[in-house]
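Following this line, the structures themselves.
Each of the two complexes below includes subunit A, the first together with subunit B, the second together with subunit C.
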Partner chain A sequence: MLVMGEVHTGLLQNSGEISEPACRQVLGLMTGETVRVSRRPIVHALSPDRLTGVDCVLPAASGSRIRGVGTVVSRCAVTGGRVAQGSSYVRLARSETDRRLPWSHYLARPGVIEVLGKARAADIAEGFVGEGAPRLHGCLDLTAVTGRFLDLVQTSPLLNRRAPFRMPRTILRWVAETGEPSIAFTLHTEQERTLRLTHPGPFTPAVVDLCEDLAVHDWLLTSLLVVVERARVGATPAAEVAARLSPAVDHLLHLWMPAARVEERLTPFWESLERRPGFSRQWRSLVDRVRDQLAVHTLALLSANAETGGR
Partner chain B sequence: MTPVHATFGEVAAERRIASVPLSHVSVELGHLYMEDFEAGPARLREQFRRVAPWLATIRSVWRERVPGGRARVSTCFLVDDYFSRFSTPAELVPMILEAAAEHDLTIDYLARESACAQFEDGRSGAVELARLVEDRLVDDPPPETDGSRPPVKETGWLCNGSRSPLTTPLQAMGKARPWEPPTQNAKRGHSIFVDVELWDERGARRTWSCPFLAAVWQLLRLGLLRAEGRVPLPPVPLEGDWPGDWDRLPAVVRINPQAAPFSAYTTLSVLSPRFLPVELAVRTILGQVAVDDEVLRQVAARSESERVRLEEELVDRVSYVFT
Partner chain C sequence: MLVFAISDKGGTGRSVTGTNIAYRHALQGNDVCYLDFDFGSPTAGAIFSVGSVARGTRESGLHEYLRGDCPQPRRVDVWAESDREGLRTRPPGAGRLVLLPGSEGGGELSALSEEVVGRCVQLFGRLEEEFDLCMVDVSAGRSFTAELVLAATVRMPAVPFRWLVFHRWTRQHIIAADGLVTGTDGLFDVGTRFGHDPEVLRDRIRFVRTAVLEPDAAELVGLRDEQRAWLSACDSELRELAGRHGVGRTTMLGKVPLDPVLQWREQLITDEDVLASKIANVETAAAFDDLAKKIVDDNAWEGL
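Up next, the complex of A and B:
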């Protein structure tokens, strides 16, 4: 019917990046399950999936009360030992009955929420990602579920909670359906983004990988923008600008790896976002700006040195 | 030059889930507690006398159900070495096997209950099956659970609905709330509310409850557990004689070299009716265990390939004869 999910992205609450074994420990959320780690082209660690049971109203733009019963899949990821993510999603499917069944029925289809009664996929999708959709009382709260999973990582005793700079979490809310390929990425507030995706073929978890990959890069871009903004280039002395920009060099610049973890059949979605609005274009221009500022500052230091040396 | 199609893989990034050989049905011929042992061999013989006709029945039922009539039926026997240690394998096991043989029963596999909690040996390493299953519990959500708060948990307990609200008045609050009943989530008209104690702790020592270990035992027999992607506690043949110490016995011993696989699509346990409450608790637990998706798919694909229709919900793969 429809798949919907949420990705929360934030800076890992640690002073430096964490090692691969530390990632494994931080993300080891379940006994007997391994943390999956890929090292190329960037270290990416993914926790095992966990489920949360729900029986509640689903979002609906029309305001109608649609009941859904089932489980939400959640997982956490750490990219480059530095960026933490919590991610949850549900596949919606029509229930064959209009009453709630024994719980074992729902656990036989992990990650599926069965929709009881009449409902239109478009109404639910619009209710979830649409601008100004009514917030129904007792409605499925993926933000809370996902936030709790990210908190699990961020409050791990293995982290020292001394992040080099403060950066709010971003929330990407997404819906995916099967159909003619299309992608719509929208920035709402400072922290909120939505993504509507129509993909050919049936849904697979690769779609979730794509959303998580987009969320990481959107967060990187947002964070670098904030760092550059906070540096107040031109309004502050060069030395101070350089000091304010240096965390970006230490912690962010090397993390840009668009579509690194995206299945080949889904890379066209990334490519289309690269054409418009051009994530990488903006990233490169920001990176250039940071490097130019640091270069100018270095040159100033060098010439100041030369002057004092020459006297 | 034509485009080159490159593939790149990383083993640590992939999930590898081992598959397990499966019989059609795993029949538990008995479960021995200390009290049974103390009652002497007559109690055991009586148990096997009652079981024998049911084993014959289940064999013939599966012979009819399986195309070609080649039903794979394995039998097992569980000894409690967790709640109380009694006797030794050297003394006890031959007595069990002999009593079974008197009723023409062959025990294919013998298992230790303590292995359902945790087990460690050179071959398997350390496996904490009880913890593993506990982490896979997904609480049955009462209506209006929207995920905004973490599931309401009473640590160490698991129920099938909503508990009664507290009725004892706090001193400052004055008036007592009238009693409100607990409710079962999937009730049909009226509730049958079940609340199961999973474990208790004295100091640092946790004792898992009998129903919880029995749920682990069922999952092990259904071949639905994996530890780090591997099949935990695979049966091993006994080397040499039955040891004089339970700790030197493997978790699951293959006694009959010709036996059909230990794990099976379905299980049948032949039990005394006194175990009925325990099994209700077991089913309450099993109804809230989320088995790995990939493992579920493996088992479903295998059963389809040999044209055996399997119940979708795992509690429906577990059956009993109370006699």
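Up next, the complex of A and C:
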């Protein structure tokens, strides 16, 4: 049926990036379970999965009350020792019965929410990612669950909380179904984004990896835009502009690695987003702008030095 | 940075001064949010001139959030939602200015539970990720709200916080402000009980004098010599009293002069009020501007 999830992304609350062993510690939510780490082309650490039991109303654009019982899978990730994420998803499945079964039944199907009674996948999808959809009382709240997982990382005692700049978290809400391939990424408010994905073949966690990878890059782009806007190029003295841009150079620019962790079969989705809206194109033009500003500033400093030196 | 605004008595100018400091800090290019924790009288909406939340919000106010009745508290973008023309566009170079209003008719917190403290910690932690300054109007006197933020900040040792104690420049107010900090069940007392280091806490508290009438102020020009001499004597007596109560110059972060506009209306003092319509005094705006710099200036907070 339908898979839906949320990814929250933010700047890791530490003065500098953290090392791979530190990532392992921060994400080791429970002893004995391993943090999965990949090193190339960028260090990426992923916590073990956690389950949250839910008996809730599912979102529905029509406003009908659809009951679902099961578990949500959540996890946290740190990319490049610098970007933190909380991520949750659920797979919907039709229940064999129309009443709630013992929890052992649901625990045997981690990450599945069984839908009691009649429901259309399109109605639920639209209720979840559609704009202005009604929010019923007791509705599945992936935002709360996912936010708490990101909090787990951000409040780790291993972090010093002296982040180099302030930046809002972004929230990516996504739905995925099997079918004719298509992808639609939409920006809503400053912090909210939605993604509708139709992929060939059955759902696998690789789809979640794709969503998380997109979320990291959307957050990087959003943040770099904010840093450049705050620098007020042209309206403030060059030295100040340079000072305001430098956190981006120190902490963000090297993190851009689109599709680094995306399974081969799903890379065409990234490629299509690269054509439109053109993530990397916008990123490159921003990076060039930042580098140009710094170069101009450096040149000005050099010529000022040369002048005073010549005197 | 979390900054908690408190006063012993109501009506001291805590909310008006706190909001003006927040506003000036945003104008200085920082992202700022203002949390109205004065649950008994949430007036921040009125001061920011956001009519829809003038007396708090009916939905998703801070009180509701802390009680667990809504997942996240409502946010009001002052630059977008203020009714005052002069506030409705974000000035170039200014940071974000976001108000988290209290709940309309919410009432004071009546108890402190583990859940409430947990939600408060979550709220402060997330806002601190996002904003350079989170100014929290804690309400007047000894309250569960003050205990709540003392309990919350103990649990987030890496998050920097400071306290501002607002008081008027009178005998009663000076003695009361000292009592609120050092007296029984005062900030030190409760803070230490909750696990704060008293030395550290002491260094994070500063006093702010509100609505001060300086003996040489322009308002006093028409006074008789006898009256002026009397005022001057009072002022030095108060200074001596303040010194004895630890509310003196060394622990003072700044003072705000009495302003005719603020005496008549609770509002933000914009540069337009000072320069164009000239209804407010330039010294008032300068005092807010100065305080907005000093709250984050470590030199002003060095150990005593």
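What we mean here is this: the second predicted complex is superposed on the first by the 311 of 311 C-alpha atoms of A that agree within 3 Å, B and C clash if a C-alpha of one lies under 4 Å from a C-alpha of the other, contacts with A are read in each partner's own complex, and residues count from 1 in each chain.
Just so we're on the same page, a residue touches a chain if its C-beta (ideal position, glycine included) is under 8 Å from a C-beta of that chain, and two chains touch if they have at least 3 such contacts.
Being a predicted model, the structure only gives us computed values, none of them experimental.
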item	value
Superposition on subunit A - do subunit B and subunit C clash or fit	fit
Touched partner set for A:Q154, first subunit B, second subunit C, both or neither	second
Touched partner set for A:D250, first subunit B, second subunit C, both or neither	neither
Subunit B versus subunit C as contact partner of A:R166, first or second or both or neither	second
Subunit A-centred angle between subunit C and subunit B, computed on Cα centres after superposition, in steps of 10 °	100
Which superposed partner A:E177 touches (first subunit B, second subunit C, both, neither)	neither
Partner chain(s) touched by A:A235 [first = subunit B, second = subunit C, both, neither]	second
Partner chain in contact with A:L11 - subunit B first, subunit C second, else both or neither	second
If touched residues of subunit A are counted for subunit B and for subunit C, the larger one	B
Touching partner for A:A144 - first (subunit B), second (subunit C), both, neither	both
Touching partner for A:E274 - first (subunit B), second (subunit C), both, neither	neither
Touching partner for A:T71 - first (subunit B), second (subunit C), both, neither	first
Minimum distance between Cα atoms of subunit B and subunit C in the superposition (Å)	6
Contacts on subunit A seen with subunit B and repeated with subunit C across the two complexes	141, 144, 148
Contact footprint of subunit A on subunit C as seen in their complex	29, 31, 71-72, 92-93, 95, 122, 125-126, 128-132, 156, 158-159
Footprint of subunit C on subunit A - complex, ascending	10-11, 13, 141, 143-144, 147-148, 151, 154-155, 157, 159-163, 166-169, 230, 232, 235-236
Of all residues in subunit B, those that touch subunit A in their complex	8, 10, 12-15, 127-128, 131-132, 134-136, 138-151, 160, 185-186, 225-229, 232, 286-291, 293, 296, 312-316
Residues of subunit A defined as touching subunit B within the complex	29-34, 36-40, 44, 49, 51-57, 69, 71-72, 100-105, 107-108, 110-111, 138-142, 144-145, 148
